[in-house]
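The two complexes that follow have chain A in common; it is paired with chain B in the first and with chain C in the second.
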Partner chain A sequence: MTFMELRSLTKRYEGAKTECVKAVDLKVDEGQIVVLLGPSGCGKTTTMKMIAGLIEPTSGDVLIEGRSVLSTPAEKRDVSMVFQKPLLFPHMTVAQNIGFGLKMRGVPKDVIERKVKEMLELVKLEGYGGRRANQLSGGQEQRVSLARALIVEPKLLLLDEPLSALDAELRLEMRELIREINRRYRITMMFVTHDQQEAVMLADRIALMVDGEIVQYDGPSAFYTRPRTRRVAEFFGWTNFVPAIQKGRTITCCLGEFTFPGLEEHDGPICLTIRPEAAVLCPEDQGYRAVVRKAVYMGTRIDYEVECLGSRLGISLDSERMYEKGEEIHIKLIPSKIWAVKCDGKTVCDNRVVWENPAPFKTTSGGAGETIAPSVLDPPKLPSEQSP
Partner chain B sequence: MFLYAAVVLPVIPIVMWSFSFRWAYPRLVPEWSSRAWDYVFGQQNIVDAIITSIAVSTAVTALSLVLGYTAAKALGTREFKGKTAVEIFILLPAIVPVISAVMGMQGIFTRLYLTDTFLGVVIGHTVFTMPYMIMGLSSVFRNYNMEYEQAARTLGADRWSVLMEVTVPAIFPGLVVACLFAFVVSWSQYLLTLMIGGTAVETLPMLLFALMGSGDYAVASAVSIVFILPVLILLVLTSRFLTTNGVASGGINQI
Partner chain C sequence: MSDRKTWIMLMPALLVIVAFFIAPLVYSFLLSLNFFSITSNTTVGFQAYASILGSKSFIDSLAFSLTIAAVSTVVSIAVAIVVSMALRRTFIGRKLALFVYQFNIPVPHLVVAISVLLLLSQTGLVSRMLFALGIISAPSDFPMIVFDQSGLGIIIAFVLKFFPFIGIAVLSLLLTTIDDYEMQAATLGAGPLRRFVYVLLPMMMPSILFSSILVFAYAFGSYEVPFLLGSTYPKALSILSYQEFTDIDLNSRPQALAIANMITLVVVAMVILAYMQLNAMNRMGVRKDGEA
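Now for the complex of A and B:
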């Protein structure tokens, strides 16, 4: 069931040349965590503040449970927000901070006291009620801030990068806490972040926002298997973009021909995109021949830049030994980690990996200085045929 | 230390004067007498002047706080075109000498029937305390995170509650300092009170100047002390309050 809906929500700040948020449409189901993901300055916070009623939209509508809330002031929307900074009121104790929302609603003191105690337990801060905000650590402060927003039992909880100021370990702990609260109270949440790892861990659905527009709204796994545009793909770690031509559902490029059953039909130029972990080593007769141009040891995996059929690929291999520069390897590509994306207006797309020294390389079979061009070699087998 | 001396040393002869009967040339110390103090506290008009002064300065402080608050908040928290021009415009009353403005003001106030009235004096003073109030408050707001108010609003606080429960407590130390500034500026205003209040509103500085002119140094000194004392007490109290309060609550610096 749709719980909250944005209808072509737009914001243009006074004096700004372009809209900060451009006609955003979004539907959020009840009890879900929707993560609004995007690089900083893309309009995520503005969108959140428009939902909370702290910023007035230029046009468009915000609907909660089917009713427009634009005319409802922030304090009556039942939408609480946790900010990037904990923003605990410095002149109050932790307990007073948490109880603030209930005090504003005129709830009797004994009820507030009881609920504050419950909240302190929930965020694992029993016994901290009498402290002042500046006697807490960053993680504790943010937990108090979360409790303060939760105590009023909001219909919708907005979280605006609440974890970005915390260190990695605390962040993990907080994500679990937020997830647990979402499951236990069935509270609908919208979470803003620029960290795709965080988005994937928390989200039921991710809305990727770039330059004020939502470019893809999908379940987390879709971003790793079926990105819609090159920008989306780049954001989710797709590193290779090979120029290609699409005809129907078939894509032709220097690496061969690929057919994607799930791909939208389309004729014209397109980008073939390959995840770095799409490549696996294989016996000589089964895959592409590739020559290592650069190798970087990453601990569990080794990142390589290879030249393969005239195309430069960045791949990440789980190899036992590190291949040296100039060495020849054989790779095949896992079909589920290849996809085709629109080039965001760019008709030409090249590989992101640029050679510092684009000299021709030696092959084991060929003569010195022979450059391997796609036309020289036999067309490779289709990846779909290679898969077991 | 030097600054301390510069402030304290000139006060010593004034104190000595106020307790003197006479202080003629060759004597190092005056002939002691409580004559001046008896006179000061025996005079009804001095007590009245103290009350008037406190009333005027308090009213002026309150009025400039109410008028200056929103301007200070806008200047401290927002960026807009022509901000510097607005700031200079607001500073004008503090830059332009009172005497060059007061003639015109008197003319206008006469037409509005505000001369010789308490209200007229308060409005006149407020013009000159506003720069101190606005600049004092806006510097406080510059370190203030507006998101505190947004957080409070999403928690269900209406505008009035936000102001009283969140904003005022958060900026309280700075608020007190700005008010103190406005109070002191109003307290020591002489010319403006003279021109607009005439004889109807007699504040302490007016009396002080009158007594200075009379040539009785002992009485003038006593009145001077009466004049300095309330401000001094206020200053000491607020500075003590601000240090203890500031340390305990962390002020707003931890943003």
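Now for the complex of A and C:
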């Protein structure tokens, strides 16, 4: 059931030439964690502040439980927000900070004390109630901030990059805490981050925002398997973009010429995106010849930059053996880790499901999940070589 | 940097402070005790202090100076907060408003005092305009704002000078991090008034306190503004002190310096109290810039 909805939400700051948030449409189901992901300055925080009622939208609407809340001031929206900085009131103790929201609602003192105690337990800060903000570590401050937002039992909890200033271990701990809170209280949450790993770990759904627009709104796995634009693919670590030409239902690129079952007709340039993990080593006679140009040891894997078919590809192989610069290797490509998008990074392509059906490429055995190798591909026909 | 280098760098400033501030204070104190007397009265002691503390005119002047300084400071704080709160929002003409707001900071107190005199005295511009418009039947019907015993004219002149000064400190805070704290309070259910009372005001307090100490000290010891706008009785302490000092009876000199030293004592006491309060706030985690 849709709990919160954004309808063509737009914000243009005074004096700005373009909109910071451009007609954003988004539906959030009850109890879900939706992560608003995107690079810095793409409009994530502005969107959150418009939902919280801290910034007035230029146009569009924010609906909570089906009702527009645009005319409701921030303090009456029942939407709590945790900011990037913990923003603990420095003249108050930890307990006073946590109980602030309840005090503003006129809740009796004894109830506030009891609930503050519960919250301190929840965020594992028992015994810290009498401390001041400057007596806490960064992680503790952010936990207090979270407790302060939760104590008022908001309908919607907005978290604006609350973990970005914490170290890796604390981030992990806080992510687990946020997930735990979501599970326990079923609070609908919107979480802003620019860290795709964080987004994937926390989200039920991810809304990827680029230049003020939501370019893809999907479950986390879809961003790895079905990116809709080149920009989405880039954001999620698809490092290889092979230019290709589509004519009708045929795609031509340096890998060869092929077609996809169910591929819509299109004439013009497209992009094949290949994940680094799409490459696997193979015997000399079965794969593409590639020359190692750069190798970076990453622990369980080794990232290589190789020269293959006249292109530079970023691939990731397991670390059994490290190939040196200049060494020749042979690779095959796993079809399920290749995707086709329109070249224009801004235009959402029509999400043609290239690999949903078996054998999208001509493969060694014709089944899905098999590998692509040059021996079974037709020689590539570049547009200039094609007859008019 | 070594300690020696640090001391060498500090030396010029320290020399100036010692030579032109501490030494005169010590000298003034010694003179108030009747050291270096040039009259037949050579008794050294606290007689001058006993004399002024038993004098009605001194007590009245002390009360007058304290009232004027306190009222000017409190009113300036209130005006500074209201204006700063309005100026932190974006609106058409904000730049012009900001310029007007800060315009009189570099204007000397003397000029402001003369302006108040020319505008608000019973023979001033406002009085004459009201008379010309038929609102008052004679310029003398205009309320006595200047030269009055309550010191209203002095307070107006001080407020005109002080509120932009306090306001700059408050506004700079309001335009930075404090805004985020206010937003945070709003999302926790605090309406505008409660946000101001529970969040903004406590966070502004260190800045307000700091600038208030300066304006209070200035108002308490100021000479030229009460001289131009004050009544003949009670006089501000600074005027009383100067009159005693320039009296033809040289035996009044210790009293004059005792009054001057009392001004210093009150100001120093206020500064110490304010610093104690600031330190307490710092211990609580509120720094002067309002950041946690």
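Quick note on the criterion: the second predicted complex is superposed on the first by the 328 of 388 C-alpha atoms of A that agree within 3 Å, B and C clash if a C-alpha of one lies under 4 Å from a C-alpha of the other, contacts with A are read in each partner's own complex, and residues count from 1 in each chain.
The rule we apply is simple: contacts are C-beta pairs under 8 Å (C-beta built on N, C-alpha and C of every residue); 3 or more make two chains touch, one makes a residue touch a chain.
It should be emphasised that the depicted structure is a prediction, and the values quoted were computed from it without experimental measurement.
Annotation for the three-chain superposition on chain A: chain B and chain C clash. Once chain A of one complex is fitted onto chain A of the other, the partner contacts of A:Thr300 are absent, as it touches neither chain B nor chain C. In the superposed model, A:Gly101 makes contact with both chain B and chain C.
In the superposed model, A:Leu54 lies in contact with both chain B and chain C.
The intersection of chain A residues touching chain B with those touching chain C, taken from the two complexes, comprises 49, 52-54, 73-77, 79-81, 83, 85, 87, 89-91, 100-101, 104-105, 132-134, 148-149, 152, 158. Residues of chain C that touch chain A in their complex: 90, 180-181, 183-191, 194, 198-199, 202-203, 205, 281, 284-287, 290-292. Chain A contributes residues 15, 49, 52-54, 73-77, 79-81, 83, 85, 87, 89-91, 100-101, 104-105, 132-134, 145, 148-149, 152, 158 to its touches with chain B in the complex. Residues 14, 49, 52-54, 73-77, 79-81, 83, 85-91, 100-101, 104-105, 132-135, 148-149, 152, 158 of chain A are the ones touching chain C in the complex. For chain B in complex with chain A, the touching residues are 81, 145, 147-148, 150-158, 161, 165-166, 169-170, 172, 248-252, 254-255.
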